[in-house]
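Chain IDs A, B, C and D follow the sequence of writing; residue 1 opens each chain.
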C-alpha cells in the first residue's frame, strides 16, 4: 500500500478524474476503485474528486488517490451551518480542494483567504480560471494548480484551441512559475489528453470525456496511460 | 438495534442536536454516539446534524438518530460541481435536511423545488424562517418542519419571547396544520426546552446551548430527558 | 396632466411594459413617452419598468405611467454601497418595484422585509413566482401583485397553458384574495393578452413581445388597447 | 464650465467622495454641488459616487465631478432585469464605476469581464481589494484604480497602519505600475488624508469621515484642499 504523504506537492504530469455530480454511490465507488488501482500501478499523481458527501467513503477505501473536494468555503470551524471547512476535509482524509469552479464562484477576497486556510491545514489547492488573464490574477494568490478552462467550453466536445492553451500556460507561469497549469474542457479521448500535454499542460482534468464515454473505466485507463507514458518520456510523446 | 424506517414521519415532541460547524472529527462523533444512545433509550425522535463532509460517518455509526444534513442544494445528479444533492444524501444514510438556514439562504423558487426533490427520494425537510409571516409562507410549500427563529437571536443567550413563540406556532398551523413547528435560538438549559414545549413547540433545536455548555454531553442528556418526559406526560409538564 | 396619486392601489385590468435591459437611452425614452401617452388616453393602470439608472429620467418625463423599478434590495439608507433602497426610489418618483425576479432572486426572509420596506415608503410591490405553489407562498407576504410565470417560459414564444394560468390564479387568490395576479412569459400578440385576461389574469406583463416586435410601439399600443377594451367590457371580450 | 473629457485618465493625487447610501435626495445633491464647485476651483480629479438611482441627476447637474457608479454588473444590454450595465451608465453621464466592493463582491471571472465592458464603453474602473495580495491579483486585470482597504477597517475610526499602506502600494505597483492605488477606511480628518498621500497613496476615498462629520461640507472642503496642496507641492507636504 502506498503511503499517503502529508502536504505532498503534486508533480507534473498529473491527471484529474472529476466525476462532478454525475456519479454517486456504487457507480462512483466503482470508478474510484479502478482509479485507485491505476494510481498504484503508475507513478503519476491522480486526483479524484467526489461529491462532498461521499469524500469520506472514497478517502477511506482509496489509499493511492489524491482525494479532492469539489469545493470549500472560506469559513473556519465554528458558528456556521451547512458549509465546507478545511479542518473537516483534512480530518476525513481529503488532500486537495477545487476552489472557484463556475458552479461555486468565489470573490477574490474569499478565494485568497480560502487558499490560505487550505495551506494552513495541509490541503492542496486547484483554482479555476475562465481566461488566461484571470489565470494570471489567480496565480498571484499562490495556489498549487490553476485550472484554465473557458466556461463556455465546459461540457463541450471541443478542447480549447492550441493558441489559447499555449498562451494561457505561458501567461500564468510568467506571473508565478511555481504554479502548475491544468487544462480541461472538451476532452474526449486519450489523444486529446496527449495533445494538451504536448502543448505544455502540467496536468489534464476530465469529466464528460469519462462519465459519458461508452466504457468509462476503459476510457479513464487509456487517458491515464497516456499521462504515464508522457511522464516517462517527456516531450517526445 | 432500532430499525431505520424509510420515509418515517417525525412525531412531536422531537429534539434536534445541531452542532453546526463547532465540532468535527472525534469530538463530533463523541457527541453523536451519546445522542445515539439516548435515541435508543428514549422513545422520541432525535435529529442530529453534522457537517456535510462527516454525515456518512455519523450515519454509519449511529443507527438510532435521524441523521440530518445542514444544507442541500436544488440540483439534481449531473453536471454540477461541489454542490449537495438529494440522491447522494439518501445513499449515505441521511434521513433529513435543513433548508434555507441563514447561512445558506435559498430563493423561494429553489426552496420549493428542493423540498420536492427531498420528498422524491424520501428525505424529511426542516425549513428555517425568520419570522411568523415567513414561517407561514414556507408552510405553504409543505415541509415536514418549520424552524421559526428570528435571525437576530441565533447564538444569543435569550429564547424568543412567549408571545412570539405562541403566535408564530398559531400562524403556521393555521396555514398548514400538518407542519411541525420547531423553536430554537437562545436555549441554554433544560428549563428553556421545557418552556418552549409548554408554549406549544413541537420540537426544540439547540446549538450553542450544548456545544458551549461546560459539560456538553450532560447538558444534551438533560435536555433530551425533558423532551422525553414531556412526550410521556404531555402538557402537565 | 394626470395627478400622480400617492400609495394608489393598482386596479385590474392593468398592463406592464417591461423592457428589461433591452432598451436604454433614447430608444427607452421613446417607448416610455408613447406608453405615457397611452396611459393618459386610456383609463387603465400602465406600469413601465426601466433600468435602475434611468428611472429618474423616465419618472421626470412621464407623469401618467406607474414608473417601476426592476429590483430593490432589502437594505435601508446607510452604510451600504451600490445597492437599491426604497427611500431613494421614492424620492426620484418611482411608484412600484419588482422583487424576486429570476435575475435577482431573494431569500424569503429578504423578500418579506423588502415588501415591508416598500410599503413603509409607499411603493407598490410586484413579486415574481415560478409556480402556483410558490405564488401561494409569496401571496402570504402581502405584495400588491404576484407575477406567476414559470422561469422556463421567460423569453419563449409560448404563453403558459390555460390550465396553468387558471389554477395558478385560483390558488393564489385562495391564499390572499387581495393580491392581483399578473401573467407574463411568451406573449407575442394582442390576442395572447386578451386570452390571458379571459382566463382570469388581473394584468399582463410583456417584454420580448414588444421589444422584439417588428414595430414595438404599435405592438404595445395594440396590446394596451385590448386591455382598455377588456377593462370597459369585462369578460365579454 | 469645464469640458467633460471622454476616456480621460485619472491623475494623482485624486480624491473620492463616497457617500454610499448614507445620503439621497436633497442632502446628496447638496454635497454633490459643493463637491462640484471644489472640482471647478481646484485642478485635481474629484470622483463622486451616488446611489445607482440618482446618478443621472448628479451627472446632469455636476459638470466638474467624475460621477462614479457604486457598482456595475457583468452583463450586457439585453435580456436581464434589474441589473446595472455599462451602456446605460455611460448614457446618463457616468464616467467611472466601483467594482467588487464588499457589498457587491464579484467572482474574479465576472470582475475581469466587467472591467473589459467598462473599458469598451469608456468608463474608468476602481476595483476594491481586501489585502495587498488581493490588490496584486486585481492589478493583473488592468483596472484604472485599485482601492486597497481591509474590509475590517471599513467604517472604523482608524486608518490602515503605515506599513500596510506602504507595502500594499509597493506590491500593487510592482505587478502593474500603471495602476493608481487609492487608500480609504477610517479616515477622519484632513490630517489622515495628508498622511496617506505622504505614504504614497495616489488618491484617497472617504465615506464616514465626511457624512458623519459635524459639518460634512466643510470637512470635505478641508480634505480636498489638502489633496490640492499636495498635488501642487508634491511630497514636500
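Note that in this section a residue touches a chain if its C-beta (ideal position, glycine included) is under 8 Å from a C-beta of that chain, and two chains touch if they have at least 3 such contacts.
Here the structure is a predicted model, which means the values were calculated and not measured.
J.: Determine whether subunit C and subunit D, two copies of the same sequence, contact each other through the same residue numbers or different ones, counting it as same when over half of the numbers at the interface appear on both sides.
T.: Same: when the shared numbers are divided by all numbers used, the fraction is over half.
J.: Most remote chain relative to subunit C, going by C-alpha centroids?
T.: With centres defined by C-alpha atoms, farthest from subunit C sits A.
J.: Centre to centre, by mean C-alpha position, how many angstrom separate subunit C and subunit D?
T.: So the centre of subunit C lies 35 Å away from the centre of subunit D.
J.: Suppose each chain is reduced to the average of its Cα coordinates; what separation in Å results between subunit B and subunit C?
T.: Chain centres of subunit B and subunit C, defined by C-alpha means, are spaced 38 Å apart.
J.: Please list all residues of subunit B that touch 2 or more other chains.
T.: 102
J.: So with touch defined the way it is at the top, what topology do the chains form here? Options are line, ring, star, complete, other.
T.: ring
J.: Quick one: which bits of subunit D touch subunit C in the complex? Just the residue numbers, please.
T.: For subunit D paired with subunit C, touching residues are 18, 20-22, 24-25, 49, 51-57, 69-71, 75, 77-85, 87-89, 91-92, 94, 98, 101-104, 155, 207-208.
J.: Within the complex, which stretch of subunit A touches subunit D?
T.: 100, 102, 105-112, 129-131, 133-134, 136-138, 140-142, 151, 175
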